[in-house]
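Going by the order they are written in, the chains are A, B, C and D; count residues from 1 in each one.
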């Protein structure tokens, strides 16, 4: 087993990886930018090295410097976390060439799956379904109609020359097809100077559902069930859960097999995620594969009792998987809420500043994977993810109740966060009910934001009166501190007797 | 179900109970003393009422005031937590008479089990074994020898008139019995003016093992396996775990049946704990029953996936148990470390002061049930328990590794705590190995404390140099604050591209 | 002291009575006991008629308060302002609606207009990068660009005025 | 600046070289780069030759430091003290060993002796209640009770001298 691992990352994922390293008796090396000298991952690590200025292009993406630190510190292996260099083929190669183990898949697998078109091409060689559609843009309407009939209606006409919804048309039947193509072509032509269009199957009420897989160096590949990730805002996941309230055991089985097949097709090794789109008829299609640890991996850990980082490390060290497919079960239900330093009331503008007070939820089935502490400055340089709240309970309803309790108890003073936004989603009746799709946020946006801004008279009174006292006290310069005066005087007696417990 | 529950307690257990209430959609009422105006349980609750001065005899034990608050706030039920009023028969009665539900067993069961002698008498009527011995003190040596032979050697001779080890003798065989009794009698006579002695079976390498039980109002009683509580200091538990590394499935089965029988013998209702002593030959004996929630209940929750407070509340509301005995399984292993505000280096003197910095461990399988926050004052009025760290993993070794990691990551600045003492225990080879007994602390005390005070040269250099800089900076009045200057200037560029995940 | 709390379309009239560290809030529907104890700079533990709240007061804005985690936008008007308002005067400082400031520190990557251009409310006016995200800043009002205070490629601190529309 | 660190039977000699915010520690076995950044009052993030530590400095005692959670008792002697020690002088203030103070605030429930009594090291001298626990305080040295400064039933603050043994 490795003696020392360098974590080429920052924030919550760096801390997450280091925690497992320490549990495995492996020493940890942190790298940090000038903005992160006192960041939690630096405080946690056994060793820490400055690698450059605050912008990540000058620090966390400088793999020459990271490799230098790895050599200087006699590191055995590098864990890239997610983001930054985690899916960088060159980095993976250079690490390996330096005689250091890259905790991730072979560079070739990263390359294949990193390019969407290449990945799609590669998946067409397998049994795994991809979203049906034309491979090349077409201009001829009759030819297009033939394809549409083959795919089956409804279909989506998409502009080849650009995005943003322009030149896009959903067509329900062959009757209106010709007309729609013509319109889409004209729109594309005028918007992008390019009239070519693609045809793709239109997925009704699509769900974003992904499967966690683990593959060792000995050809064993298993999946650890799905994660439902349909709650998204601008393609950014907000809340994930496992199991999915949408799919059943039969579909889970089928998709799991497809996920394993996907991994096998690119000779995958390590932890990875196969993302699918599932339509309302339970048809599923390969979307992409993420060749690294996923932000939302903890929900899988909570329902399967595994430690995915420990599995990654053992795999990288050449050990065979310790668990077999039929040992993977689903125990209870887990929900993850992503807590961002963003102001939901102002279109999710990033929020920076000092964390003046911090109360992190805890207790039964409550886990927070974060990287914050009271007194810490949130800088504008990096991703605004402060951490993830993951709640587990025996069933979905209890897990949601627990999430709501934990979000209510979560207090971060000094900056704006998405805590309340997550709470609004968790409370929403459509989300509560279960089989929501990726349109959830778009469909319920107004309602969610209204819930956020709707204060009761009681809350307004509390807000107004506190503001009044705050201003009064600032004026008179006399801040009433916590009343701990009683701790220093007024002693009378202390309760007798031995502690009862 | 109840609409509103008053928690007649403070500290971590008040918070623990309120968390479950909120998850169940039940409103929470806190009571607090003058010393606790800004304590976490007050901040958490929906409502909070001042009930008196800091000493608990003037606040948390004043059940007249607590009942007044319950009436004023239209509370449906009262949860007493542990300690304070939780085993007070009069309180339980008065609550019930006021038409409020007492979340605990009937007053009669508290009474029977609250008195050790009465409990022992009551258990002699059942099949549950109690420690064999004489019921009455004896003065005649021949008579005593007969009893000793019946019980079986080794036996313990104990003074009837007092304690503290005076007049106590362990006798291995009949040969030395007469002599030992005579000596014990003389010693007792001279120490307490009372020469009478008892005889009790001497338990070799005793283990303190307790069983969690749940009993509903409809006669269903189940147990939720054992907790190993042999790591004690002055009869105060330090670390608990489940399952016990000492007992096997067969003994677990037998003891579980005995625990259920104990509960049935006193018509028990609610959550309770039956404590046993188990000797090295796997003989077990009833010790006492605790008629309330136990400090260490979370280890049971972690391995069984239950929420014991939720079960208590459902039982009190008249609902039948939702789980049957054969549904109770053991998943993985859980370890609890109690974190006290005590200075282990100074014979565990309580430590008071302001928490100047706080870093609570978190992550996979890591739970902290506490009631502290940064900036909070720890006062001398109450029990010094700051909270409990509970770590779960798939097996004992991993759970211990996780506990060690979490303890290493736990940082409380400004006061002394038992964090490092717990870490020394967890690292100790005898504890690591498993079947330790209640003599563990006494046997390894010197070694544990040496580990605590043994600093490496590197640590000494760090300590000395930090002290040097601290004093230098105090002298020059220039404290180098966190270097967040880079957050305000030196902006060059921000990493491009969409967030990868 | 008479005050009015305004939040969106809601307005609550009340009277604050201070005595020692305690405050009584007189409202139409009765009196409320109020106590706020500071637990950290900007954070208070509040008990109002024994109901418990944790309240955060933003240091940079008098108009945003956080109650049990939920942000509340409000305006607190005292008797003087109320009286002036009754007289038809309104001394609430008029915010220059056309001043577009940087909400967070960041890098200005693109400015879409030049001085003199006409823009409509909601039109993108510049791009700013912060926290790995590109943020499109839209015109808060319609009007013409009066002044552009920064250049493309410039990094700005929080609060820096970028563009003025009038 | 030459210093000596004493901890129990260990003694380390070193030389601190300060430059800007950085410190170099010269020891027998080589130089060490040292940097301590304050993260909270009394808490520092330390990097020493790239090894990371969180260090707590107790506000009330110069001799107790907490490194990664572990308390370390030490004495830091500067050149002046070292020189005086070499000359046979020792200016480390002599702690009056016979002064018994309250370590925490509490209630004195029982005093076992009267002025003039002889006590042996380790004899219980008084009982004190705090945090629901009864604490038996033992004589730190042998000698006779010179002075009893408090009465049974009296509550004392931290640091109050209770008994003097000489």
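One rule holds in what follows: a residue touches a chain if its C-beta (ideal position, glycine included) is under 8 Å from a C-beta of that chain, and two chains touch if they have at least 3 such contacts.
The shown structure was predicted, so the numbers you read here are calculated from the model rather than taken from an experiment.
Trainee: Which chain's mean C-alpha position is the greatest distance from subunit A's?
Mentor: D
Trainee: Given the two chain pairs A-C and B-C, which is bridged by the higher number of C-beta pairs in contact?
Mentor: If we tally the C-beta pairs in contact for A-C and B-C, the bigger total goes to A-C.
Trainee: Between subunit C and subunit D, what is the separation of their C-alpha centroids in Å?
Mentor: The computed centroid separation for subunit C versus subunit D comes out at 50 Å.
Trainee: Go ahead and note the Å separation of the Cα centroids belonging to subunit A and subunit C.
Mentor: Comparing mean C-alpha positions, subunit C is 32 Å from subunit A.
Trainee: Which integer distance in Å separates the CA centroid of subunit A from that of subunit B?
Mentor: Spacing between the chain centres: roughly 38 Å.
Trainee: Please tell me the distance, in whole Å, between the geometric centres of subunit B and subunit C computed from their C-alpha atoms.
Mentor: 48
Trainee: If a residue has to touch 2 or more other chains to count, which residues of subunit B qualify?
Mentor: 37-38, 43-44, 56, 352, 357, 359, 373-375, 380-383, 408, 482-483, 487, 491-495, 499
Trainee: Among all residues of subunit C, which ones touch two or more of the remaining chains?
Mentor: Each of 37, 39-40, 51, 54, 105-106, 130-133 in subunit C touches at least two other chains.
Trainee: Mind pulling up the subunit B residues that touch subunit A in the complex?
Mentor: Result: residues 15-16, 19-20, 22-25, 34-35, 37-38, 40, 43-44, 53-58, 61, 82-84, 86-87, 235-237, 290, 294-295, 298, 301, 305, 307, 331-332, 352, 354, 357-360, 362-370, 373-377, 379-383, 393-394, 398, 401-402, 404-405, 408-409, 482-484, 486-487, 490-495, 498-501 of subunit B touch subunit A.
Trainee: For subunit A, which residues are in contact with subunit D within the complex?
Mentor: 30, 37-38, 42-49, 73, 375, 487-488, 491-497, 499
Trainee: What does subunit A use to touch subunit C in their complex?
Mentor: Touching subunit C: residues 56, 341, 343, 345-346, 349-352, 356-357, 359, 374, 380-384, 407-408, 410-411, 413-414, 416, 419-420, 423, 452-453, 455, 457-473, 479-483 of subunit A.
Trainee: For the complex, which residues does subunit C have touching subunit B?
Mentor: 37, 39-40, 45, 47, 50-52, 54, 105-107, 129-133, 155, 157
Trainee: Which bits of subunit C are touching subunit A when the two form their complex?
Mentor: Against subunit A, the touching part of subunit C is residues 3, 5, 7-8, 10, 12, 14, 16, 18, 21, 23, 25, 27, 32, 34, 36-44, 46, 48, 51, 53-57, 59, 62, 65-74, 76, 103-106, 130-133, 135, 158.
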